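After this come two complexes, each holding chain A, first together with chain B and then together with chain C.
And now, the complex of A and B:
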């Protein structure tokens, strides 16, 4: 146990170093670009070391007509240092997709690896990687909005400070590196105290405002890791919205790589 | 009162001119507020049931405003590496169209196939670099056998394809958004053509149609209104030979139009295709007032009166008839308020306002101008009067033959009225000179029609669409629909599910069938949905709760009635085979198909009301209910004959034509009023026999009648040149009706009067005496 802790802190230190390396490698950046990058690095750094987590998610879909639809999902995540995180998503509702499980290995720059287990077919199917801009379960969240934040996914530009609900925020513009992204840019509001994202504006491929994501009810876990209980995504173009409500967060539950592979998909619940 | 009016005008001509022009200018400023609404939805009122159904469907699924690039490779083969590369580039460029939310083309079609144990979802055309002829052939086979694509995105033979851009207008500034999209799309087209000289591109779709509404009207404004001014100047110049008169008339017309359009702006009107023809109509109708005043004035001057006296007498003589004809015309146009289509209500109100303003101006600033400006009288040749006199002799001599002949003609024409068919095909609202029309015609010939019906089949329960019973119903319905001869294309989720089932079974064609359990179907869809990129999701086919799905059926061009029949058949199919589902049918095509019927019914009520009002007015003005009733015949016959002839010529009656009866009623009444009042004047005051009275009427108003008819027919014939077919047909039929009205008044009414009046003398002599004494005051004005 102790050795594991030591090992862990060593890895943490290493990855902090590598984050700094990202920072210092990026020469020839303008002052705004450097500051935008630094804020994002700090934000990522402050959350390092959560190891793994489980949580329940309720997804509420609304259309312009006022119709609602809910999805119930269980999420398991594994922190992967020096690469994107791994996640396992298990669907509980709608009933006809109960037991369906989705495994994703996200990567900072290359396409993510994704598999879906279909209980009706009792088979695991690989999913096309070009879907990152596509909607997750028919919601207003795209795959790329839900996958873990990695510093290398974007280039940055600091836009200034902005007051949001009485809190001072950095405003940082992020430009996706991957050309398969559905966005030209995102504008993120990150508070100056805890370095948490509070709001993100998404601009589509023709650079018009597409969606706004708002985070609320941040709670701190293990005196370190902040998670928002509520995320609301509003699509300005089609008038639809999706709300994510998180509950039962647990950290460091002892999940390991073996819980996140094709075989584990079939027994996930 | 009549004396006082001109006394004042004659004494203070400059003041009158100043006040009128100031009024016109102040009102005219409002014209800046006028904006053109380029959206087909303006044809429907808020409470229109088809519009409401369509709007709620658009809120549940995705909106369906679109632009289609119809791309035609000149070598007739879409499937060459070069052309596919071009299509790929066009698809990418189309994402840059403002407000675009989805782009569908052959190249980005989400092709699914099995590869070992995996299902691959990717663009049908991924890379165009190493396309061998084998690969090209494979792509072609996939495309032309895919039910989602064929006839919609690609032609059966693969010689034409479409890049369809779905646009979601935010509706914040609707007047600016549509042109913004159109401008962008045209720029993309121009650039594309520059880079691909071997290609032809047509632009179609709702956005282009909406753009055409505005542009056709603008073109009209630039060509028709100047043409109309030319007609006015030539008519008055040639027929009345007066420069001052022409200038003054043109001024009255301009002021009537400017003031009306200005008031429209102040009152918050907006312009639409139909209501943009208001200026042309006002211009046409305003001329008649001036002609009457000029004719009488010149008559007086030729008789030896000085100018001021002549003007005074002319105003005095004409005030009541002009007022009467203006008010009947206004009533006729106001009957358009019964229309179900707001643009026609606006048109009716605008022209009614314009006609009343023209009346006011022609008895104020018009005589004032004539007073101030120099007027010379040329000796008029009397030949015209001779013609009228000869015509009168002819009509009186041949009355026994004319009455049956004209009656037979009227009855024969009326018999063709049932030939007419209600039809509102919005594509045909534009003539072939409008690019949207040619593009859409081309699309209809090579791919699919523009008749689209969206069918939402609802289960009322979450995930209900995955139920095998539901899927089988939807699939059976789609098959039934496809088997109909008028169907071009059916877009249904069941095709996608069948394909996925096949993919999941190693692309075995035997598995091209619906999954047999709810879970299976739900999980296939989940897998598929999770694989789709941005903008190509299933939101346009499924609602958020997966409780209902939308089938989109595209039909060949057909008439409104045929489409309504197809709709009825579809309703019946569901009642018979799947009564447990709530089904909604909606689309712009259906909206237009139903508006004709709704409009005809409401316009009949409006026209009847106008007819009653006008007849009462005539009865009062002629001081005889009997003649009021007789006048009904020549008032109604022209429209009846015109629609009968239309039944032979075209037989397609749409929104534009359904208002013609009400509109022309107020105009054709004028001829009858003038003729009958002169006839009665002769009968009552001059003790003339019916024959003499007919002769008298011809001599006195015959010429004025044909001059005004000439102007009216010319004016509406100018409108008939509009590239906006709705206005053009309306103009043509109105011109035809007015022309027929003159013939009826010259050839049918006089023999009828000679016949009926004789009997009346015998039957109701007393009544005649009564009405005679009562009418004495009235006749002096007639």
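And now, the complex of A and C:
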């Protein structure tokens, strides 16, 4: 137990060192760029140490006419220090894709490694991770909107403070580093107390406002990690929207690397 | 036939149950799930049949495939049962059932034991599944050969830093299913399901072995295996028993096969290679399937993804005369395009064109599918087969161009 703690704090110290390396690299940044980066570093740092998590996600897709379609998804994630996280996404609904599972090893800068398991053929397929801008399961969320937030994926600019529902927020502009991103920029509202994102505006490749994502019903787990139970993405250009409802969040469940390989992908439920 | 199937499934159940009993320390209770699908399929053949017994234009069938699943110990132990049955309006051989899966799986941190009837897929290519060898093809199901019969097995899978190693013991062989007298998509002679010979004196009870290694290194996914046992492809020869209405008898040889599969995932490009070397008492040969897939994300400023595919098949046995042993895909080129609409209904359209480079023969296929509501998937296929070479198997199928519409309800 004690050795585990020592190990953990050593790992944390190491990772904060690497975060410092990121910030000290950026000596040529303007004051706004530096502040924008610092806010994102702080936001990421405050959530470090969650180790692993499991959660159930309900996705409600609505079109302009108000027709609804539902997706039921289970997520398992593993925190990887000094690299992107690992995740396993398991589909339960719609019924025709039940048993389909998606394994992703994300990386801050390099392309992610992704595999898909197709239950009808029992086939594991390595897929290209270049498709970041495409819709996830026909929803208004793009693949990149659902991947883990890594500081290195963006460059930053601090825009000032802004009140949102009576809460003071930093307004930070984020510019994707990856040229395959579907966005020129994102504007993120991050509260000044807990450093949580409350709203994101997405601007498309022509720099016009495409979507707005709103986070609500934040809950704190293990007296540290905040997660929003509700996320709503509204597409301003096509009038469609997608709501994510999260339930059954669990942290430090004991997942390890062995829960994120080809074999676990094949039997994921 | 049926009793044989039953005994082998029963023995698998018995082994599974005894393992269950020894493992009865349930933590957290058993979770149960039932799902599956029921599908209605309508085929229409554009031309009259070539052979007198065959059905003429319309063929209807209904299939059911439920899946029952139990898990306990947080999913570390599970049992899956997937029976399958199809009723066909004309082809008696296509009216058939199978146990696709009836298996117990125990997962530990770095190893997994899988016991019972299962399906195991190997390979990376799309137009031919050359290295996929564990399961027998359920040939009457569809033209693409992707449907497989359940295979009895004991499979130990071990995860190492240097890759996953799978050991397979395969007791009990499954004979391939072929279209019956009334069925279309067959050659002039019907394959006799009761006239089957084996090289091994153990016959259907020969114990087959397979050993496979698979690993991902950066952008490369690699696999290699050795298979020793009964050849899944039968040698078909005209039977001398009945000269008035000749049938084909099946002969299953023993074989040793080495296989390799590689995929390089480099940005928008997927480069794929499969290769085998098969050695039987009758022949030795090499075969490969190689090609690429390139994807365009968001074409025409929409959400549509376009994938372009190209693959080449090669077989060292070269061109073969009809009835002789060899592969139809000895020097064939395939091109395809896949459109994924990424809409709420998961609409997809796939087009493929295959051409034999040694002689004038081609095949063309379209496959479109879309979800209706939350639970219905409708699929529409068109397959056109043409050959000018009387020696080609495709020539015997050249009247079998057809369209197929199917509606499946998933629960």
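We take it that the second predicted complex is superposed on the first by the 267 of 269 C-alpha atoms of A that agree within 3 Å, B and C clash if a C-alpha of one lies under 4 Å from a C-alpha of the other, contacts with A are read in each partner's own complex, and residues count from 1 in each chain.
Keep this in mind: a contact is a pair of C-beta atoms (placed from the backbone, for glycine too) under 8 Å apart; a residue touches a chain by one contact, two chains touch by 3 or more.
Fair warning: this is a prediction, and the values are worked out from it, not measured in the lab.
J.: Judging by the criteria at the top, classify the pair chain B and chain C on chain A as clash or fit.
T.: clash
J.: Have a look at where A:94 lands relative to chain B and chain C in the superposition and call it first, second, both or neither.
T.: A:94 sits against chain B and chain C alike.
J.: Using the superposition on chain A described above, determine whether A:128 touches chain B (first), chain C (second), both, or neither.
T.: both
J.: Once chain A of both complexes is superposed, is A:208 in touch with chain B (first), chain C (second), both, or neither?
T.: In the superposition, A:208 touches chain B alone.
J.: So, does A:113 touch the first partner chain B, the second partner chain C, both, or neither?
T.: second
J.: Look at A:69 in the shared chain and tell me whether it touches chain B only, chain C only, both, or neither; answer first, second, both or neither.
T.: It touches chain B and chain C both.
J.: Output check: A:195 vs chain B and chain C. Expected answer is one of first, second, both, neither. What do you get?
T.: In the superposition, A:195 touches no partner, neither chain B nor chain C.
J.: Quick one: classify A:237 as touching chain B (first), chain C (second), both or neither.
T.: first
J.: First (chain B), second (chain C), both or neither: which does A:61 touch?
T.: The answer is both, since A:61 touches chain B and chain C.
J.: Per the overlay, which chain contacts more chain A residues, chain B or chain C?
T.: B
J.: Applying the touch criterion given at the start, work out whether A:102 contacts chain B, chain C, both or neither, answering first, second, both or neither.
T.: After superposing on A, A:102 lies in contact with chain B but is clear of chain C.
J.: Pick from 8-16, 116-124 or 278-286: which stretch of chain B gets in the way of chain C?
T.: Of the stretches 8-16, 116-124 or 278-286 of chain B, only 116-124 runs into chain C after superposition.
J.: Residue by residue on chain A, keep only those touching chain B in one complex and chain C in the other, then list them.
T.: The answer is residues 61, 63, 69, 94-97, 121, 123, 125-128, 130-131, 133-135, 137-138, 180, 182 of chain A.
J.: Using the touch definition from the top, list the residues of chain C that touch chain A in their complex.
T.: Its residues touching chain A are 33, 35, 37, 69, 71, 75, 78, 105, 107, 109-110, 112, 119-121, 123-124, 146, 157, 159, 164, 214, 216, 221, 263, 265, 267-270, 295, 297-298, 303, 305, 342-346, 371, 374-375, 377, 408, 410-411.
J.: Which residues of chain A touch chain B once you look at their complex with the stated criterion?
T.: Listed in rising order, the residues of chain A that touch chain B are 61-65, 67-69, 91, 94-97, 100, 102, 114, 116, 118-121, 123, 125-128, 130-138, 142-143, 180, 182, 204-206, 208, 236-240.
J.: In the complex formed with chain A, which residues of chain B make contact?
T.: Listed in rising order, the residues of chain B that touch chain A are 56, 59-60, 62-63, 95-101, 117-122, 168, 170, 462-463, 466, 504, 517-524, 526-527, 529-539, 542-546.
J.: Going by the contact rule set out above, which residues of chain A touch chain C in the complex?
T.: Per the touch definition, chain A meets chain C at residues 61, 63, 69-70, 93-98, 111, 113, 121-131, 133-135, 137-138, 180, 182, 256, 258, 261-264, 267, 269.
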